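Chain lettering (A, B and C) follows the sequence in which the chains are written, and residue indices restart at 1 in each chain.
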Amino acid sequence: MNFQPKPDGFAAMMSVFIAMIGAAFAWSVSIQNHATASSPDADVLSIGGSVTEIIYALDQQHRLVGRDTTSTWPPEAQELPDVGYMRALSPEGVLSVDPKLIISEDGAGPPEAMDVLKAASVEMVTVPDSYDAEGILEKIRIVGDALDVEDRAAALIAEVDAALQAAQSVAMQNGGTNKRVMFVLSTEGGRIMASGTGTAADGVIAMAGGQNAITEFEGYKQVSDEAVAAAAPDVILMMDRGGNHGAATEDLLAMPAISVTPAAEAKAVVRMNGLLLLGFGPRTAEAVRKLSAALRES
Amino acid sequence: MVAIPDTGRAVPLDRLAFARRMHVVLFLFLVFVSLLSLTVGATGITPWDMAFALLRGEAPEAMASVVLFDIRLPRLIMGIVVGAALAVSGAVMQGLFRNPLADPGIIGVSAGAGLGAVAAIVLGAMLPFGLFDIFGAYLVPIAAFFGGWVSTILLYRVATRGGVTSVATMLLAGIALAALAGAVSGLLIYAADDRQLRDLTFWGLGSIAGASWAKVMVAGPLIAIAVLLAFALARGLNGLALGEAAAAHIGIPVQKMKNRAILTVAAATGAAVAVSGGIGFIGIVVPHLLRIATGPDHRALLINSALLGASLLLLADVISRVIIAPAEMPIGIVTAVLGAPVFLWILLRNRGAMGF
Amino acid sequence: MLLIDDLNVYFGSAHVLKDVSLTAMPGAVTCIVGPNGSGKTTTLRAATGDIAYEGSITLNGHSLKRLENWEAARLRAVLPQASTLAFPFTVIEVVRIGLQTGEAGDQDNIAIEALAKVDLATYANRSYHELSGGEQQRVQLARVLAQIPDAKPDDDPRWLFLDEPVASLDIAHQLEVMTIARNFADAGGGVVAVMHDLNLTAMFADQIVLMSEGKVLADGRPDAVMTDDTLSRAYRCDLRVSCPPSDNQPFLLPHAARAAAE
């Protein structure tokens, strides 16, 4: 066989490339006209589920131009453009929704993106996390300040404060339940990722009158099977992922590490919506009530 | 092919000349994709808007300046530089190991860089506060670059005895090193918390979104110099295709060539991985495509690889920026989705011609 | 002149070459012959700089140990016994690789002429991997000839080191290749070839070095070295020179083929 240099093959490849470029171009042109602001005042980007909830609770949603992936409540929020995961923001993506102000939970990144946004004169307000009742009130105050609605914020603070106190006093009746609770973030690949101290899960468990079964470390980390057995939780708390719980619970309790715990014996597994449970926003009082009731029952 | 009757000779087809003409074609392609990269973006701002504004004598919008000069332009340069680095490194490694399946990471750079990044992400918070402040956002790239070098030097030492580097030993030792790095990474991952794990995942998927002028100023010249030095290896790599002994017989300084190849690839790939994370396929697919289309002569292959690698990475970047706007898809996903089918197509179509 | 003096080579603890000395003159074809394991190829490999050795080897007066790769490449070209090619080069591209160093620079004519000398001119654009073993060997020879196209471009004779150059070739091409070597020597160059085939050696060699068990057993003109006694001792086999078979079995000598062409 004589060699022919495959110019036809290369031409084919080049036309594929050019077609791809054309497609990319067309795509880009088509998405240019997305995200028309919902109202002329809209100039705020909200990052973090609890921040978005607070903005809606303050009735300022008309000022939103976009949100991040974790902002799932209220359901209307999901109609806003999604700029992605908060620690991997794309600077141009953020700029494309045209915000003048970004109100964000702690930890937005990457730093280069944040620098570019500052250079583009976008104002940034960070709302720190603190996993207790005071923390929630402080969040509301900061957001209200940033949006120039201090009066509404004060009213909301009073409302939320009252709700939280009521929920906590119910939870702490008779000194709390003293149930040992282990929050499991995921069991992906047979590895149990649980919450230690200093997390939202730890905070809400305490507020609901329970005890975090795992106190040896901070943050969400993978725990060994023996650590789980030693922790001996009475209740396992998880986020509600939707779908068929029955099967998932069976699988969970069948895991060797978990099957020896008191929780498995009592089949005590509590599931709650992630943002509701861990968001530390205006609905936390509801979360505390539900959780403490669930703990008492199980 | 033509036989000239009186001499009975054929006119040899010059794949090299064809490949050299491809330099122009690929350069134009790169220019085109660069313009595309500057024009396309989630904000809909184009350089033409800015150019027209300037022509009308108006000051350009502040946001347009930021988007074009602080976001798209450094990203464009980074994309060109990283794409070229990965593709040329792949071609050089394939030539050095005489195997078309070698990728730039084969000398341990990727394993070490990955380990450096994991260590920086997981342990970074434990550094004394002053140190952390100095490095700040650059802790991960610096650690990755450092990790890449350490592992390359380690492999080189293991494989070199009496002044002679055995590429076969390097290959096998590289496998062992990758396993070791994987084990240590695994330990660190086990100790990581949720937030760090997400950061690790994103790093592993690769992105040139973090392209800042600071990164471009450091990585750009380094990679450019390494790639230019690599071009000079072309004749040596051609000779090496005959085997190391034959290469020495035709006058190639084999050990010097190996040293230089390893050095340039470690620098280029190390810097590329440090600033952009784990981007795959460019290093293998680009040189392969070019060998099939224009022949394996390295004198043209290396330059064409640089041009095509840069173009394809930029193209992948454009796609990653528009496909789920305003969010962004990590570029490693795009190169994998585009690269894997192309790679399979290459293999299936050319089984006989490639000599295996 | 290739001067090998007291060459000793060790592979690990095995003493493979023992005090080997030989001289090859330019303008002559020197063939190194001997049974398997006698050290022929090892001697050649030492002379081409592939292995470490003790003793002295000088080429055109230069000590081999002090020559850089590129300096040696200008003086001599090496045809290995077997070659691999890692990538899908075409025949002409392989020959051009030989052009890249050596004195010829990038002149394509030399590549084409080299291919013509090995009777592969029409194969220029074929993929190397599609050729038969013998054809590939001839392409390698063309590559070698492209590296050193002139036997004596200046006062220094150039050299061809050939390791079993005709091993996988048919008889016509065997004669062709040996004729190329002969012509090179006639033009003033030096040729050192390791050979298995004693008939071809007898036809073309000016000097034969017979080796056995790592030592030089005999060294001199063909009629002096190729005696019954010497050969039988070396090959450990009862051999008789210039003796046609006693029954009516057909036999074919390359000498005869050459006579027909003339």
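Definition applied: contacts are C-beta pairs under 8 Å (C-beta built on N, C-alpha and C of every residue); 3 or more make two chains touch, one makes a residue touch a chain.
All figures in this text were calculated on a predicted structure; none of them were measured in a lab.
K.L.:
Among the chains here, which has the CA centroid at the largest distance from chain C's centroid?
P.N.:
Comparing chain centres, A lies farthest from chain C.
K.L.:
Which one chain sits nearest the middle, judging by mean Cα positions?
P.N.:
Going by the distance between chain centres and the overall C-alpha centre, it is B.
K.L.:
Sort the chain pairs by how many C-beta pairs are in contact and tell me the top one.
P.N.:
More C-beta pairs are in contact between A-B than between any other chains.
K.L.:
If you average the CA atoms of chain A and of chain C, how many Å lie between those two points?
P.N.:
That gives a centre separation of 76 Å.
K.L.:
Using the average of all C-alpha atoms in each chain as its centre, how far is it in Å between chain A and chain B?
P.N.:
35
K.L.:
In angstrom, rounded to a whole number, how far apart do the mean CA points of chain B and chain C lie?
P.N.:
The computed centroid separation for chain B versus chain C comes out at 44 Å.
K.L.:
Where in chain C do residues touch two or more other chains at once?
P.N.:
90, 125, 127, in rising order.
K.L.:
I need the residues of chain B touching at least two other chains; which ones are they?
P.N.:
1, 13, 15, 295
K.L.:
Pull out every residue in chain A that's touching 2 or more other chains.
P.N.:
2-3
K.L.:
Quick one: in the complex, what on chain C touches chain B?
P.N.:
It comes out as residues 48-50, 68-74, 77-78, 80, 83-90, 92-94, 97-98, 100-102, 108, 111-112, 116, 121-125, 127, 129, 147.
K.L.:
Under the stated contact criterion, what part of chain B meets chain A in this complex?
P.N.:
My answer: residues 1, 13, 15, 18, 22, 25, 29, 32-33, 36, 39-44, 62-63, 66-67, 70-72, 136-137, 190-195, 198-199, 202, 207, 209-212, 215, 289, 292-295, 311, 315, 318-319, 321-328, 330.
K.L.:
What part of chain B is in contact with chain C in the complex they form?
P.N.:
My answer: residues 1, 3, 7-13, 15-16, 95, 98-100, 235, 238-243, 245-246, 248-254, 291, 295-297, 353-355.
K.L.:
Spell out the part of chain A that touches chain B in their complex, as residue ranges.
P.N.:
Residue list for chain A touching chain B: 2-7, 9-10, 13-14, 17, 20-21, 24-25, 27-28, 31-35, 66, 69, 81-85, 87-88, 90-97, 107, 110-113, 115-116, 119-121, 185, 193, 218-222.
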